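Common to both upcoming complexes is chain A, partnered first by chain B, then by chain C.
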Partner chain A sequence: MAVILDYLWLEVELDDDPRLVSLLQNSSTSSLPVRERLRITVGKAPDGETVDIDGDSQPVSGTIQLSEIAYGAVHDRVARWARDEGWIRIHAGLADVDGRRVMIAGPSGVGKTTTIVALADQGATVLGDEAVLVRNGQAIALPRPLHAKHGGRGIEGLRPAAVLTTLAYDDPIAILDPAAINRIPQLEHRPAPLDLIVLLERSDGERPRVIPASTAEAIIALAPDAGPFTSDRVELVRTVIDLVESAPVVRLLMTTPAETARALRAIP
Partner chain B sequence: MINPTRVDGLPTRRVSDGEIVTTPDGTTHYLNGMAALIYELADGRGVESIAASVATIFDLDEQEGVRLTMAGLDEMRAKGLVG
Partner chain C sequence: MSRSPTRVLLAALRREPPDWALSGLVDLPVIELAEVSGVLPVVADVAVRHGLIPDVDAPSVLGDRRTVLSPAAVLLAARQQNRARHADLDAIRDIARAELDKAGIGFRHLKGGALRSAAVWHDFGARPTRDVDILVADAFEIPRIESALLERGFVHSDDVEKNRAWEDDHHDRPLVWPGRAGSLELHAASLVRQHRGRVALDIPAAGESGDLATTLRHIIVHAQLQDDALLQGRLPLVALLDVAFAIENGLVTAADIPTDGTIDLRARPHGCTSARSAGCGTRGFQAVRSRPCAGPSAASSSAARGWRTSFARPCSRRGPCLVR
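Let's turn to the complex of A and B:
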């Protein structure tokens, strides 16, 4: 029996293979019209397994490679549809926090996902941790499972039931079900105006600190990672400048995820 | 050399492919997409920092990023947009 997943403009049909499902399960629906259907299956080969994406078969060795190929195929197609529909992809997380839609950006590994998990633990609705699509001041998250690097320390505020699987990288990555993190049966994605942009930074301080960010700081934090997914760099610059001038932007110097989440919620 | 800084208080207007900045004498100056980026990044940070961001965002090699950034800043200084 197949599993059908809603990835915005993309409908993904999977074999009911527990590894595939655990890697791509997003427990989500969206308000956007389906533009393309993609079928992903796992097949047998004489010397191992293959992953078949719309009939294009590639050999795979292990769950990590399966994840990278399958998720890469989904992400590339969603990014292409987003680009065609005029959306810019920003490397960031997205959450609805106390009635405000908040984009949470920062370099890879800074702690976006652990902060987002802590926000959910404090009652926010987490929408994504990897990519936010923005257009005309509106934002919607790419609805994938969350990926949390936990360095063997565990993740503060995370319920074990939310962990779909763990990828055995050197720094293991826990794959998290966004609906389970939010303690709801299913997550609904729809575009909404962005109310706040938070740029996370590491800090050695004892308490989190919030500092207003300049337009330049915001552009440097948000635009470079979007470049590879954008065919029109001028449009990217314009969208990012519009974005950072339409919503307040702050730098949040982090401490623990729970304290950082509380400091984020206290931003006026 | 002093780090480039946008002149305070100049009215700016976003257009589809860049920005229009008006100087106190009433002259309007059109900045294309890259020039608008350089202008927005000119907040007192070093030219190297601006050039690195321009190169990354526009997918240029480092030298080309520096060359275009310096040329853009020279022009904006001449027009009184950047000090």
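Let's turn to the complex of A and C:
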């Protein structure tokens, strides 16, 4: 029996392989029109397994490789549709926090997902932790399951039921079901104006600190990882500038996830 | 410790000592990353501001580059080399400008040179800058200027770009001045042929920088082409810093930077960079694989070194030559 998942402009159809479902399950719907259907299946081969992406079959060895191929196929197609529709991608998370749409950016591994999980524990609705699509000041998240690189430290407040699976990298990645994190059965993704942009940074301080960010800081923090790669970079840079001028941007120097989440919510 | 160039850059932008600096400049990987990202002089500038390395310009302090091992020494070397290079580039720029002025030829500085007097950078000496790029109004005149520069001691560079994806048809072989860092590139057009229509650059009446917003667009497009050729998937950070500082200093807004939709590609023919230059109102330019000979020295030198000349010459018909 097939499983159908809504990835913005993409409808992803999976066969009932539990690993595939656990990797891609996003418990989401979106307000955007479906433009393409993508079928992903896992098959048997004489010397192992194959993954089949819309009829293109390739050998696969292990869950990590399966995840990379599956995510690659989904991301690639969503990014293409986003580009065609005039959206750019920012490497960041997105959450609706106390009625405000907040984008949370920062270098990979800084603690975006753990902060986002802590925000959900405090009542926020987490929309994504990896990619935010922006256009004309509006933002929507790539509705992927959350990926938590916690360095073996564990994730504060995380319920075991939220963990769909774990990818056994050297630094393991926990794949988290947004529905379980948010305690709602299904998220609905729709574009909305951004109210706040937060640049997360590690800190050795005892308390989280919030510091207004300059426009230049915000541009340099967001533009290098913005995409897609194939787009006209003038438009991309202009969109990033428009973005950082359309919403307040702050640096948030983190401590524990719960304290950081509280500090974020207290930002006026 | 994050190895993100973003983090290094943010620290540099904040004019704060980044945490690696507070820990005694022991994190070479971050410094290496800054070097790979082409922003080591920017980071070094931060280190100077916070007294982590001395503010000295004397190259003798540097000693033998091969013995440089400590992060502080790497930063010091990067800063001194960059500032020394700026001094050399200034000298090269002055000579080129003098020859262009003497010949009465309009020109416009491109990229870093165009930002030099625009107060985009708080300290322009901290900007990583490699070469002097000058867009010459009349491509016919470039050989004459080159000849004059060769007589003044410049020589053609042997350091020719090897990347075929970035193979050039918009400037001739770079000129270098022995003993000075950097090179001089006299451009017949602002970009390689197939992208030429993406930036419309005028030669300003004063002969120098031109409007900042278009300069920034040129910087981004040029960086994108370089980025695409190298398959890096990200714009060079120096180009982003140029834009970020210009925005932060209130010199331009995002809306000022022309997009493809706001550039009238038919406003002037490709390769015709100046409304003032001779013939630009009546004839267009098209890219070809030869150019007028500058005289024995330039021509024989180019041929002997195997330099493939790809230049612009006037086309015969009237009206724009929209060569793509």
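Here, the second predicted complex is superposed on the first by the 264 of 268 C-alpha atoms of A that agree within 3 Å, B and C clash if a C-alpha of one lies under 4 Å from a C-alpha of the other, contacts with A are read in each partner's own complex, and residues count from 1 in each chain.
Convention: contacts are C-beta pairs under 8 Å (C-beta built on N, C-alpha and C of every residue); 3 or more make two chains touch, one makes a residue touch a chain.
The structure displayed is predicted, hence computed values, not measured ones.
Q: Between chain B (first) and chain C (second), which does A:110 come into contact with in this model arrangement: first, second, both, or neither?
A: second
Q: In the superposed arrangement, which partner chain does A:76 touch: chain B (first), chain C (second), both, or neither?
A: neither
Q: Pick one for A:238: touches chain B only (first), chain C only (second), both, or neither.
A: Both partners, chain B and chain C.
Q: If you stack the two complexes on chain A, which partner ends up touching A:171: first (chain B), second (chain C), both, or neither?
A: Neither partner.
Q: What is the contact status of A:54 with respect to chain B (first) and chain C (second): first, second, both, or neither?
A: neither
Q: Is A:214 touching the first partner chain B, the second partner chain C, both, or neither of them?
A: A:214 sits against chain B and chain C alike.
Q: Given the superposition on chain A, which partner contacts more residues in chain A: chain B or chain C?
A: The partner making contact with more of chain A's residues is C.
Q: By the touch definition at the top of the document, which applies to A:16: first (chain B), second (chain C), both, or neither?
A: neither
Q: Once the two structures are superposed, pull the chain A residues common to the chain B and chain C interfaces.
A: Touching chain B in the first complex and chain C in the second, residues 214-217, 219-220, 223-224, 227, 233-235, 237-238, 241-242 of chain A appear in both lists.
Q: Residues of chain B touching chain A in their complex?
A: Its residues touching chain A are 14, 16-19, 32-34, 36-37, 40-43, 45, 53, 56-59.
Q: Hey, which residues of chain C end up touching chain A in the complex?
A: These residues of chain C touch chain A: 2, 4-7, 9-10, 13-14, 19, 217, 220-221, 223-224, 227, 233-235, 237, 240-241, 243-245, 247-248, 253-255, 257-260.
Q: Which of the residues in chain A come into contact with chain B in the complex?
A: By the definition above, chain A touches chain B via 214-217, 219-220, 223-224, 227, 233-238, 241-242.
Q: Inside the complex, what are the residues of chain A that reach chain C?
A: 107-110, 199, 201-202, 204, 214-217, 219-221, 223-225, 227, 229, 232-235, 237-238, 241-242, 245, 251
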